[in-house]
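Handing you this structure, nothing more for now.
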Amino acid sequence: MLYDIFVDPFVQMYQMPDFFLQVLWEGFVAGILYALIALGFVLIFKASGVFNFAQGIMVVFAGLTLVGLHENGVPAFVALGLTIVVMGVLAYGIERVVMRPLVNQPDIILLMATIGLTYFLIGFGEFIFGGEPKRMIAEELWLPTGSTAFEFGERGLVILQHIDIAAAVIAIIMVAALGIFFNKTRIGRALRAVADDHQAALSVGISLNQIWAIVWFAAGLVALATGIMWGARSDVSFALEIVAFKALPVLILGGFTSIPGAIIGGLIIGFGEKIGELYWGGLVGGGIESWLAYIIALIFLLFRPQGLFGEKIIERV
Amino acid sequence: MKHLKTLALGTAVALGVSLGGVTPQVAQAEDANYVPLLTYRTGPFAGSGIHIANGMADYLHMLNERDGGIGGVKLAIEECETGYNAQKGVECYEATKGKNALVYNPYSTGITLQLIPKASVDKIPVLSMGYGLSAAADGNTFPWVFNVPDTYWDGASVVIKYIGQQEGGLENLKGKKIGYIFLDAGYGREPIPLLEQLAEKHGFELLKYAVPGKEMQNQSSQWLNVRRDRPDYMIMWGWGAMNPTAIKEAVKIRYPMDKFIGVWWSAGEDDAAAGGAQAKGYKALNFSGVGMDFPALQDIKKLVVDAGKSPTDVESMGGTLYNRGVLNSVIIAEGIRAAQEKTGKKVITGEDMRIGLESLNLDEARLAEIGLAGFAHPMKVTCEDHSGSHPVFIQEWDGEKFVKVTDWIEPMTDTVRPLLEAAAKEYAEKNAPWPERTEPCAN
Amino acid sequence: MFYREAGQFKTSYQSDQAMFPILQDRIGMAVILAVAFIVVPLTANDFFLTSIMIPFLVFSLAAIGLNVLTGFCGQLSLGTGAFMGVGAYAAYKLTTIFPDVNVVLFVLISGFFSAGIGAIFGLPSLRIKGLYLAVTTLAAQFFLEWCFIRIPWLYNDNASGAIEVPKREMFGVIVSGAEATPLARYFVVLGITVFIAFLIANVLRGRIGRSWMMIRDMDIAAELMGIRPLQTKLMAFAVSSYICGVAGAMMVFFWLNAAEPSSYSINLSFQILFMVILGGLGSLSGAFLGAAFIWILPVMLKFIPSAIGLEIGAETVEHLTFMVVGGLIIFFLIVEPHGFARLWQIAKQKLRVWPFPY
Amino acid sequence: MNAIVTNEGLPTSEPVTQREVLLKVDNVSLSFGGVKAITDISLDIQKGEIRAIIGPNGAGKTSMLNVINGFYHPQEGTITWRGEERRKMKPYEAASQGIARTFQNVALFKGMTTLDNIMSGRSLKMKKNFFWQLLWRGPAEQEEIEHRRRVEDIIDFLEIQAIRKTPVGKLPYGLQKRVELGRALAMEPELLLLDEPMAGMNLEEKEDMSRFILDVNQEFGTTIALIEHDMGVVMDLSDRVVVLDYGKKIADGPPEEVQASQAVIDAYLGVSH
């Protein structure tokens, strides 16, 4: 028993290095996708303090809109453009209808509102585009779909999917672009000001409403990118929503407000759950992926309640 | 804001008041046979469910259009959305059973399991065509449940038999590794006892890969495990979004597709198409015809789909799952017809329907008569055997469509049947006191 | 005018701290109980009982359970569904091991199992607060759900992986299993729900209820006043989980008859949370109102189109239901974040001053 | 110094120094990360006195109170309570030893009524367990009524009968402060810590509050330690004053003495260090 837990997995890693590499790669790709969803959460939480449960649904909704439009005869890139417009309208609508009237409500009310939004978007998306899973139009968007295998020692093989590589590249571009946007533009500065202190930002003439709409739009774009990547791995349908729950432990690890935290947290969870599942999961019947991420996050939280990158909390009275 | 609050108060009160009026009308036309269809066109399983739902509804509507129903009595058809959710399924059942429902087709093993104990109490049969509780094939224990034409255990035995054929005999399975990837729910677990039995008997190693329902679209770990274990064959019991994802993942790890065999529910065109060109060679069981070359299907197209009376997409007609839905309705319709003959009544009840299903005999002549010659293997139900363990065939994906690649293969009835009876007995014991069969055999 | 307490004087502290100090409320409560125990059983049909009343009561109880934790103690939990599941599986194991013992007793005992599990998962609440805690309770949800699937002992190795409720009698009446009449099941559910709601109302107005609210309103001040935070929070977790566990057991024994692990999924947690929030955090009557709204509205929406003769596909109805429920949730949150309980108070206030606007 | 409180009937005539020492703080230092909040402070609080802690903003006054009631744990130094050295303890343990307090920013339980807030002060004194609470009828109810009587006495004392059933969130600031005092009194403490009890009050409210503080001290014999910025109030109310600045003690003694201290004058006028 002890052997199975403490020795055997490492022996396996050593004996089949190609497989171990493959596991790490899968963990990396999963981690990137979790990080992208978490990134959407972080953007919104930073700017408005809203824990946006609907981020997972926005991912599906964006993907579904893109594919749905294409299915109805819209050329791929036009559909992409239209989807961006739709996400913009959605962001504006959410700001107008949900966020503005609910400003200054307690966290839990805002959280519930985003869960309400989740329900609404599920119904709305399926109402418009139908409920069956749809194939992502990866090829039409000029995304690579093949795979490359690397020989590795004797009989060894590491297979890299091109789409996964593309996902990683796009994620990096996305984060870099957001970084530039935050640090170099006027709106970015205003956004950081809002994140720091709403009242103070208001008093220097920054429009909160405008910032919120922009942030929701940015989160919508991140969602769209995530939706395309994830959709290319498995089809687009609302079943993906559940996978989005994986982004929550990522947030806990990384802290609710840290963009680097989201990315590193995503990678930790991605690696952790794949390695855990493949080398230790078998001991308890497998499927531990569904909760391992949460347990990792929970244990972590007990030692560092503020997350990886959060600041130490000093309680005051 | 103040007005908003008044409005909210008003809304709340209005909702409260209208509550009283909700109870669905039990008023049902006296001169129709009422068939509720528990379907799902939403949720993670909609991808498979929509085709089934269309097939089921379209055939029954076609009968109404073409023949004015069955035996001169129209069919009242009502769909109730379950979302593959057991709770909603039961709700649908409770809401519709009072309207003199004839039979239920839950299209979910989970819902089926919940309805089985209710069936004998409410006197409404459950028809779980090729799914549900395998043990329900034992008509003596489960007089109200039908799983014609085959149980999952029949299906699993056919897969093993086929693999044996490929390897040049069942004895060559010794020492082989066979992987079983399944939806981790009642559905996917159902065949495990049989597969384990066969593994012991024929000396192969059974490797199980469970896919949790909520992680259907994220199977990379399971397939990494497959890659590590390198099983000689893979068997899949998948449904909904699990199927296309699994096929994609199999392609991704470069698993030889011709050694990958799905159950009849993993046989959708969309499922295989998701794997792209590399999915060529993927195999699946089937027991219903593929294609549109059947007069009855042409009638559906003409009278229902083209007439705009159905949400069905013309292109999806003739697909495996659509045709499966049609076959389901064929069995319902033939059950009703048999019941009308046996009882002499035109408008029948659930109890009559049970008799009708129990005396179902869909032979070749009858299939031809209803315009479905060769659509399915002739099937027959007896009082003892509610499944019949009918032969099934295997179809292969050629990159565009499924092609039948084997002849009809008989299940290993001699192995399966005793196990079924033992399982039925065990079920009755576990659920003691389980009602004894009191219904006389009408055959 | 209609709801006026003028002239009702309290002469003792006892009467002042009664559960319903105002006469009109006492009358109202008596009427509600009379309707529940007499009018409904006499008039309702099977559908109304099985698909509306029984689930409504089960969910009300679950909402009360979550309300103890979230509404009164301020600890946000998304693991309610799993805690309900623990109750259901515990009751199932107990009644299949000891088939001769009264099933209602087991349903009540099963709550202790979920109370224990709930307390264990409540441990992190000492260090983790707010939304972080909410996310960690998801760990409980997903871990327990996994247990329901992967520990076959819990469902007696049924091939189906589901628990199926056997036939059980109480005082010669069949109360569970397929043969139990809706009426019998209704009475059992109603009895348990009213009983537990009454007991919990007692706890909430006393010392323990107050200590929960102290933690909720200002945990630091509470601690400086001698409240032990861990003990108090764990107690809230345990009591809350007990109630949820009983509700979960009732859900399978007296309503669904069989349950799969997916019956106790995260969606159930959300559903209960909606009931609590829309009903009103920290209000027992709110739990009932919220349960009525969240459970009955979709059922209504589902059957309204066919009732008024509209030909809409089943899936369209489902989509519309999602949209309407989601939209209404947002609407009510915007209009009255304190829930229906507050709306009801506003209504009472209006009745009190009627016919004058103020 | 405008005398807003008349000194009629000051506690006792016996010399202040002869009283029993209730709480003694020796060489305490506290820091957060690199920031030193308190450096090497020693002070004592004697039974029955009113002890004021004053100093400019950020002097470490509130931190000192937090140390005394166990919310912060000093890195160095000892705390002696009734002659016994206190180990590192949780705030609720301090509370059970008889230390109560009010807060700089009102820390009432916002969702509860005035009555419930004050009743919450009785939490430590109520013992009936969960099962009696479930039943309510009988012991739990008796206990509740018994404590309700004590709470009503406090309500009468503070003259807040009319707002008994009002949720405290709806009360004006002055009344909230009063309710908070009532809540602390309900604990029947040995030592009552008041953190700026008069901040943000108008003259009339200050007068009321001062009277309540004196009454508490005299009628119930409660020892009081208070932080206050209003020098007039401090000088008139307190028996002894300790002055903190930048986390250090710069003066300690009777009001008049402290008032004359050069260090104190410098601290308040902002002489550069």
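Annotations for the structure displayed:
So that you can tell them apart, the chains are marked A, B, C and D in the order they are listed, and the count of residues begins at 1 in each.
In this text, a residue touches a chain if its C-beta (ideal position, glycine included) is under 8 Å from a C-beta of that chain, and two chains touch if they have at least 3 such contacts.
None of the values given here were measured: they were computed from a predicted structure.
The chains touching subunit A as well as subunit D are C. By number of C-beta pairs in contact, B-C leads when C-D and B-C are compared. Set against the Cα centre of subunit D, the chain with the most distant centre is B.
Subunit D has its Cα centroid 42 Å from the Cα centroid of subunit C. Each chain gets a centre from the mean of its Cα atoms; for subunit B and subunit D, those two points are 73 Å apart. The geometric centre of subunit B is 35 Å away from that of subunit C, both derived from CA atoms. In whole angstrom, the spacing between the mean C-alpha positions of subunit A and subunit C is 33.
Multi-chain contact residues, meaning those touching two or more other chains, occur in subunit D at positions 71, 103, 107. Multi-chain contact residues of subunit A (touching two or more other chains): 126, 131, 242, 285-287, 290, 317.
Shared interface positions of subunit B, i.e. residues touching 2 or more other chains, are given as 41-42, 46, 50, 184, 210, 212, 214.
Residues 45-48, 50-52, 96, 99, 146, 149, 156, 158-162, 164-167, 177-179, 256-260, 262-263, 265, 292-293, 296-297, 299-300, 302-304, 306-307, 313-315, 317-319, 328, 331-332, 334-336, 340, 343, 346-347 of subunit C are the ones touching subunit B in the complex. Contact residues of subunit C toward subunit A in the complex are 70, 76, 124, 127-128, 130-132, 134-136, 138-139, 142-143, 145-146, 149-150, 220-221, 224, 266, 270, 273-274, 277, 281, 315-316, 318-327, 329-330, 333-334, 337.
Partner subunit C is touched in their complex by these residues of subunit A: 51, 97-98, 101-102, 105-109, 111-113, 115-124, 126-127, 131, 242, 245, 248-249, 251-252, 256, 284-288, 290-291, 294-295, 297-298, 301-302, 305, 315, 317. Listed in rising order, the residues of subunit B touching subunit A in the complex are 41-44, 46-47, 50, 184, 209-210, 212, 214-221, 224-225, 227-228, 240-241, 244-245, 248, 252-254, 270, 273-274, 276.
Chain contact summary for the complex, subunit A toward subunit B: residues 16, 19, 22-23, 26, 30, 126, 130-133, 135, 145, 147, 149, 159, 161, 233-235, 237-240, 242-243, 273-274, 277-278, 281-282, 285-287, 289-290.
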